[in-house]
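Quick notes on the structure that follows.
Letters A, B, C and D name the chains as they come in the text, with residue numbers starting at 1 for each one.
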Amino acid sequence: MKEIDEHSHKHARPVEQMDVEPSEAIVSMVDSWDNMGFNAKRLARACKIYEAMIRDSDCVKYFALSGAMVPAGMQKIMYDFIDLGFVDVLVTTGANLTHDLAEALGDHHLQGFISDNTKSDADLHDESMNRIYDVFMPNNIYENMEDWLKSLKLDIKQSVKEMLWALGDELPEDSRSILKICAKKRIPIYCPAITDSGLGMQLSFIHTGTNLNHFEDLQECINLAWDSKSPGVFIVGGGVPKNFIFQAMQFSPNSAKYVVQVTTDVQVSAGGLSSASLSEAISWGKVNAAGETSQVHLDATIALPIILAYLKQKLK
Amino acid sequence: MKEIDEHSHKHARPVEQMDVEPSEAIVSMVDSWDNMGFNAKRLARACKIYEAMIRDSDCVKYFALSGAMVPAGMQKIMYDFIDLGFVDVLVTTGANLTHDLAEALGDHHLQGFISDNTKSDADLHDESMNRIYDVFMPNNIYENMEDWLKSLKLDIKQSVKEMLWALGDELPEDSRSILKICAKKRIPIYCPAITDSGLGMQLSFIHTGTNLNHFEDLQECINLAWDSKSPGVFIVGGGVPKNFIFQAMQFSPNSAKYVVQVTTDVQVSAGGLSSASLSEAISWGKVNAAGETSQVHLDATIALPIILAYLKQKLK
Amino acid sequence: MKEIDEHSHKHARPVEQMDVEPSEAIVSMVDSWDNMGFNAKRLARACKIYEAMIRDSDCVKYFALSGAMVPAGMQKIMYDFIDLGFVDVLVTTGANLTHDLAEALGDHHLQGFISDNTKSDADLHDESMNRIYDVFMPNNIYENMEDWLKSLKLDIKQSVKEMLWALGDELPEDSRSILKICAKKRIPIYCPAITDSGLGMQLSFIHTGTNLNHFEDLQECINLAWDSKSPGVFIVGGGVPKNFIFQAMQFSPNSAKYVVQVTTDVQVSAGGLSSASLSEAISWGKVNAAGETSQVHLDATIALPIILAYLKQKLK
Amino acid sequence: MKEIDEHSHKHARPVEQMDVEPSEAIVSMVDSWDNMGFNAKRLARACKIYEAMIRDSDCVKYFALSGAMVPAGMQKIMYDFIDLGFVDVLVTTGANLTHDLAEALGDHHLQGFISDNTKSDADLHDESMNRIYDVFMPNNIYENMEDWLKSLKLDIKQSVKEMLWALGDELPEDSRSILKICAKKRIPIYCPAITDSGLGMQLSFIHTGTNLNHFEDLQECINLAWDSKSPGVFIVGGGVPKNFIFQAMQFSPNSAKYVVQVTTDVQVSAGGLSSASLSEAISWGKVNAAGETSQVHLDATIALPIILAYLKQKLK
């Protein structure tokens, strides 16, 4: 509430992309949580299941990333997960890639304030500030992105994954962006709904005739699952990234053997997939009945740093 | 809880697709709710805003449909919304279209039971029953769909919309399916994440080389927004359909003038788009600050029949 | 959002207490919902379970009422439930009784607007407007209540129930208030946390030495359960009213045979009682494993009118 | 899910009551979160606001504790908050005190499993295991409590607070229970709904004629607020403890100057008090418009250890 007075719209401070160190203190907190109940226990299990995925040499690690993670300061954390080899396949939203690109090009998201007030949001609009709950994205981010995309020669008929790698290749070497590290390590990165994003719209405006082959990505993702003896899935949020991986799991010889989902969507009785229990996925053959699973009802901005600090410490 | 004993997995009764009649009783209940508070008032406002959208001859009516609506019995209701001219543009998920196609081909979803229990979901898997909360989808639905898709000659390089119209054209004349009525009336139907669905997977398996032009749909949807003097948006759930329409609204001369969202996703503080307040969209220029809006936190299986009964009565 | 412009704080229209008629249209909608899934089915089951409770002559009907129901317009509906004999024991919150008393004394709650904004809530405070989400309660309601309470001679050492009956006895004959009809019909009405309410505070200020016997109510409620062959429980919301009845059910020969809960609290993984599944209560011996239960995730301002219209029609 | 196979009902391991150390790693994680968004930022603000409350010598620190905190392993953490002087007034539920007493008497809660399954909960009932989500409470806990309460001579006409202090006085010196430390330090502890709990029921069964003076506690709590220049409120969960403190804040010269709420209840549109925004409380005069507030949507089993580790480190 207070921050409404503290910040003027125009002088909001940037969101700082968080860095996470290995931590023995976090490990012992997680170990305590593992002997308790409720979401503390579920978070502890999430840490231990992810550790098991990494220690299992047969495990292909799928990572589903939805939600506005980069605007909230999770870019470097995602970079580390990928850079450290904790991610073999990434499925994400066009929104996260748009925000990732913005930060990679030197722009910033801002620490704003919440509001549920027409007037206040109309003021933000007049100031070209796009609000994501309590984070602002200045609209000129799009202009810089447009200039950069215009400057590139791109094959506009390749698969979405190849396009994303191509964009990553063009980013500065030292960038700690998701696109960059996926391109560098040639980690398959799928974005089934890229046309549902600022990045997708800009590609279609700037490079007339853009027609990325979405079905090539689909085939590829299913083939990867087909070859995975012991797949593991780590899900942030839900939506398309969760289902795109789960549908592929139906084609994996053993279906998912490890599954963690970190989500704040707890409404199960309306039948939505994002909130569906991991047990439900067993009926579909997406998750193995003998698998290790944990669904944690927790904001990922809190869960991911804890999980990363735990993994960095245990896998030193 | 009780139903767990009542139904054996194998003999579950089919979900009946609900029919809705005009109702004066519903209209007067809605009129009472409009003078109260909380979600009762929001539901009343939703009814009246949709009525205003239909009465406004300049309004282009966008409808976003996510969630497992057809499995829960909403197919005929969606058919009526479209058939009665309450929908000018439909954006939906591959899942809803997969379920719609199954019912259109004579298959049925079943009234099942909930469970959060590995054993019980493993039993369902052994019986080839896919669970969607308390609804079951027998796995053989996919076999019938496969046979039907194999029997069709399809242009595998057109836009997603054109492919969906082509499928609708092949369905029986008397079918009360979403695909059929959209095809019949040539209502633009967009499905940005079709590769994230059973229908998308089957197309890619059966018709090798399928490469639908997703960017053509994007361009088209934006052009439609561009030409809409007075756009209105009705959203069921959230996810890709909500954002795909909202991103187009940024290119409409006035942005959205009417907006209703029916959703059970109430967690706003994690920054997700599905639950974001409609006020937040004003900052983005997606919604007009002078617009009429109502966000209703309600299961759509209850909201849609009430809204349709209201509209049928008022617009007789 | 719009209403923020429409209403000035000072000239908000009163919330109208809703009247509900029997309705064949509602009955047929409920019958359709009973063959579907998700919360539509749960709401249908809730209607049919309540009907069964009323038709079962051995059933003692417990009603738990929490939430700000009277401010939102549910006062006459609650009056009807009690007047029609659908309630044998009522457990509620001090807040609902405070609001009930205000309306009974001729004051009104107002149709306000939502806000999540320090400034706007500070303005309301300056205007002596207390906000309950989108409903306002003018602060002078307390002054009228104080004058009335001062005018009464009250036994300040009796049980809470007896005090509430005494207050009801003093209200105008034609009042459609919860307190009035409970007093008239001598329906046991328990309010375990009355000191947590405006009514409780006023009693303690005005009638020095007030010391209501809470344990007498507890004993009485348990004895009633002890004598109930076939108890049924209908819960609006959760909190103290839900648990106060459930703890008594443990002392009933068969525990609860019928249970319906209408709540919007869906977060189960933090272990809260309000959201706990009805199945969980079986482990405690509060609910009978062979009982009929339905937990509906729905705003009570929508559920209660539908359930009452259904019951009035079926039990004509 | 897996745990359903792992544990037999009978051989569940006890929940371990968590110990928390000061931690520089937690402090730096919290400092990073303070420059981000969403609930990470809110949690950081919660830590800093609580620190400010402790550093402000004029601040009277009210602590509202609801939810099943002791069963989930939060007993020692609550003990530390009180023992370290971070709590001046405690308001809690009878349930937490019942569980606190059980652990203080040497009994334990058990690490169980979730289930939404009549059969499985019926089995638990046969084994006298009461389920609280994924925690079990063996029913014999009540027997030991009964024996202990029978052995005590108690004044059954005093206030609830005095009764709770009397119980605390009887507990072993070395016990790390909430009741013990409140009694030892004579911290006012209020439990407005004690008759809504196992402890309340046992008192009424064992000590016939028990009639605790609830209104004395109410008066006392309001007088404490009256004398508080600079009150601060820390809320875990919501319900009666939240409102009992907030209603007293209306009588404090400045109303609450610091407020933190940690809750998983995010449904605001049904008007419930537990989930109500802290801004709403400004309209009531419960919270000061110039106050520092943070509402964190997070499971308290994760939030409390982090906040305590932060405070222990900063206030060394």
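General observations
Everything that follows uses one rule, which is that contacts are C-beta pairs under 8 Å (C-beta built on N, C-alpha and C of every residue); 3 or more make two chains touch, one makes a residue touch a chain.
All of these numbers come straight from a predicted model, not from anything done at the bench.
Among the remaining chains, those touching subunit B and also subunit C are A, D.
Of all chains, the one whose Cα centroid sits at the greatest distance from that of subunit B is D. Annotation: the subunit A:subunit D pair of sequence copies touches via predominantly the same residues, more than half of the used numbers being shared.
Work out the mean CA point of subunit C and of subunit D, and you get 25 Å between them.
Once the centre of each chain is set as its mean CA position, subunit A and subunit D turn out to be 35 Å apart. Note on chain placement: the centre of subunit B and the centre of subunit D lie 43 Å apart, centres being C-alpha means. For subunit B, residues that reach two or more other chains under the stated contact definition are 1-2, 37-39, 71-72, 114-119, 132-135, 264, 266-271, 277, 279, 282, 297, 299, 301.
Across the interface of their complex, subunit D is touched by residues 1-2, 13, 15-16, 18-21, 23-26, 28-29, 32-33, 35-41, 43, 71-73, 109, 111-112, 132-135, 264, 266, 277-279, 282, 290-293, 297-299, 301-302, 305-306, 309 of subunit A.
Across the complex, subunit D meets subunit B through its residues 1-2, 4-5, 37-39, 42, 114-120, 266-271, 295, 297. Those residues of subunit D that touch subunit C in the shared complex are 67-68, 71-72, 95, 114-119, 121-122, 124-125, 129-135, 192-198, 200-201, 203-204, 210-219, 222, 237, 239-240, 243-244, 247, 264-274, 276-277, 279-280, 282-285, 289, 299-301.
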